[in-house]
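I am attaching a structure below and will ask some questions about it afterwards.
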């Protein structure tokens, strides 16, 4: 069954206990919440999932648990980026064998940038797994710059690329360039914590693939955009902008704190040497949620 | 006369004609608009001022013209950052001789980071000019990371540092750390296009030193914060968030386009190799301004 | 039994077959050659070992095979650097359980540099494994700058740090600063392909921990330095300088080609997207070896 | 009169007094020494010339003085790189008006790399000055990566590019690729302190454009290469390798110290925040020179 990779596909944090061990109970709880929230898929083991601080064995455990919890109701996308194509292919094969529905892959940085190698990189991964590939374009974390023509070339030459996660700022002109140049139907999703939500949607984004902890808001934004109701898109954005801006600040601690305040994970612990949140910032988060959603119990899904 | 460096101190773009030569008529027009808007000062020759693409002779011309246009009504702060302390001191002395009221200085990046050299850097500049110094902490452009203790040490050891421009993300905890540790009254201003306005003001920022092209909005935000009316701060932020987010996208083209649509500069030209705006993005800017300020003539100062 | 971590401890390349799978036969052959060459230890899974392109399972295979081949004749040091301290501790524990004698660890880069976290990083790893730690100071690959005082503090606070691999240029003054400040006996080894060999040895380096493919030359350099015969150090360096300079060029392809020409590995394959050598450069390598060691069969250990 | 830009064209340091002011007496002495040494040109205001720490006025003073001292005996090349093309063109025009014979230009780094803009950059400079352009390819200082095809395209489209300074490691394959692809006679010179001298000459380099403080050695290397006597190239390299390696360490202090010991400049001062040499390193320099050139008075030109 082909997936569309459109709509709302949250990027999930990886919950840890206070001793930094995996918290699988929270993992399953958070995933169940997402499934119940009618999202269109979930992505695990991305940057927000602290995938760069996990062992391969932990990745295996998390994939298995996620696939079992989701029960095929929605696609499970697994981040399998690695500094080498052999290891990225290995992680992708592992994801496939464990029942994942797609993989998300960033290019690997090399000392001398080389477009040809980036194309090869995606081709090699596609040769080892039959899963569709979400191509993530996020220079802020990868330090790899892919021009729109290069991405379009990869889409043309690597048939299993099924979605582009467009996170190279400024995003709107790049989304337009990709949209105009695509040789076959490939979805384009927005990330960056939905910071550029209205502009990305106006430019032709098909939805969100990001870690903003209120998928209900992303859903409402996508529904409004699909209905061409951009007044509503902007009204929603104005209402939630402070929360969106606050959450997308560097570091994962704030996002994990919000998930904790939503009751989805037990601890806000970020793996060392990443910074865990301080009490004043946690209080700030609580105040901001109250101000944005007065009287709403955020431990349950709500309708914005 | 001592200046407080609080409130609203816009960072000015440098207007160019379409052939990239200086457009002094627009320069004076924009500065006159700012003075009329009752801002608390102006900062010229910063990053937004494309100072890194100017010759020393052009800097001289721009400083002279700005000082003459302002006529001592408000302080004129001049960016004098340079990769060496001798040249930064030279530019600072030039600014002083031409009648500027303060200089804004970032630290210079060295291959091996060295806190001691950063302290010396500010000390050396302070020894060559009697002007107060605005210390700009903006790792995104400088690639220099100054810890809060280092900045506090500079404030302690270099008496002419009179203001900190706090642009190291996440800004709120850093503003709090600086505020808590300051050994003498030094103002703290926010930059980054006012992206973190409500959180920075809550954390103790004294105002804005940034290029957001609507100083009226910054003024309203500061007035509300000074009145401890944070409901109004948040309401203002919600109303203008899309504009703030859109404007602070990387590159200067959008900012210059907004200034052009406000009638303050004649051309949106950015000096090569910086990118100048495309027609679709200019249309997007116009639509966003209309949506945010329906029925308002933005070529005049307005009350938000 | 305590190891001294002095003398000649080669960093080993990881041999791959042409399809990029592990070549364990070459692995064992190369390790046996090193043991026969009377080196003082071997380090596996470092940068030259392409550790960043291996899966955890492959690491396990390589460690097991190396430990078995060495048979406790010399210490086996395992690179276990990772972007997170939990995973670095996991890899270190794996190495310990598989019979390794020490681990080599670089600090992890964080968006905002933080000395405290670097100390914690080493402390956490030391708490999970009883193995001695080789602290690798190599900003060219890590983008982390550790000052001499910071390294000395780590040595003071983390008792299991037993060796410093000094690869922060310029190396001689840093080696002198470390040597002068050490509070307990900790060895200092040189890397960087022995490029700075005479100066590092004059500054107090205890030997080499690097991938230069002629450990015989490193041995002769160390023996001469231990005998205070710096005329011989310089004469050896002059004789082999072209080879040393050629080999330390960026990329691993040249090093693997030399190992191949020495008969130690079957293929010069570097894992994608790293570049494999071209025929003209391979010919250049052969010519340079002939010129440097005329009439010598480099497939056997020789006496320089 | 057309210049060939081949042979030995030293990059000159800028001498400062101990208070960091320009030392024009040393400047003229050093330049006279170079002219007397029969070099094929000099390049001023490059990275080694600390051009990034000079004011435009100081640049003017230095160019004037150099042109007068040289008296048209050899070409004077002036570094005019800048972060913007308008200012680079301004500095190039200044150089032309003051009597320089060529300019040396690096590309400017932009947040999103863009080959088209790099071509435009060179074209724009070429439109403002009639001087020939030395295109410097040195990613270590510029953080700009130009592929061989891009450089070849610039050579094709910008007629005044007359020389390529090839400093992108590994240099030999790039020199070969450029040599093979050049559509018209353009010289290729080596830099990087002559570290890769034998390999660059074997690959087709036309000589040296670098700051190694012994132009006599560079001359001997070039003469030997021109005579196809690569045994002599390698013998010379072996003899001077330690000096070459020592000198090319990061930072300019060592180079200035060697120039001082040669009697060419009065002070080894590097402009702040660059590091000036320490006494132990200065002693090391003296010892290394004595060891390499026993009994030779290096304050005079010598024959290697």
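Each chain carries a letter (A, B, C and D) given by its place in the written order, and its residues are counted from 1.
In this text, a contact is a pair of C-beta atoms (placed from the backbone, for glycine too) under 8 Å apart; a residue touches a chain by one contact, two chains touch by 3 or more.
Source: prediction; values computed, not measured.
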**Asked** Of all chains present, which has the mean Cα position farthest from that of subunit C?
**Response** B
**Asked** Would the interface of subunit A with subunit B count as same or different, where same needs over half of all numbers used to appear in both copies?
**Response** same
**Fill in**
Per the C-alpha means, the centres of subunit A and subunit C lie apart by a whole-Å value of 37
**Fill in**
Between the Cα centroids of subunit B and subunit C the separation in whole angstrom comes to 48
**Asked** Roughly how many whole angstrom separate the Cα centroids of subunit A and subunit B?
**Response** 34
**Message:** Quick check on subunit C: which residues sit in contact with 2+ other chains?
**Reply:** 250-251
**Fill in**
In their shared complex, subunit A is touched by residues of subunit D numbered 112-113, 139, 145, 168
**Complete:** subunit D contacts subunit B in the complex at 20, 50, 52-57, 82-87, 90-91, 108, 110-111, 114, 117-118, 120-121, 124, 250-251, 271-274
**Residues on subunit D engaged by subunit C in the complex (per definition of touch)** = 169-170, 172-173, 176, 195-196, 198-199, 202, 234, 237-239, 241-242, 245-246, 249-251, 278, 280-281, 284, 291
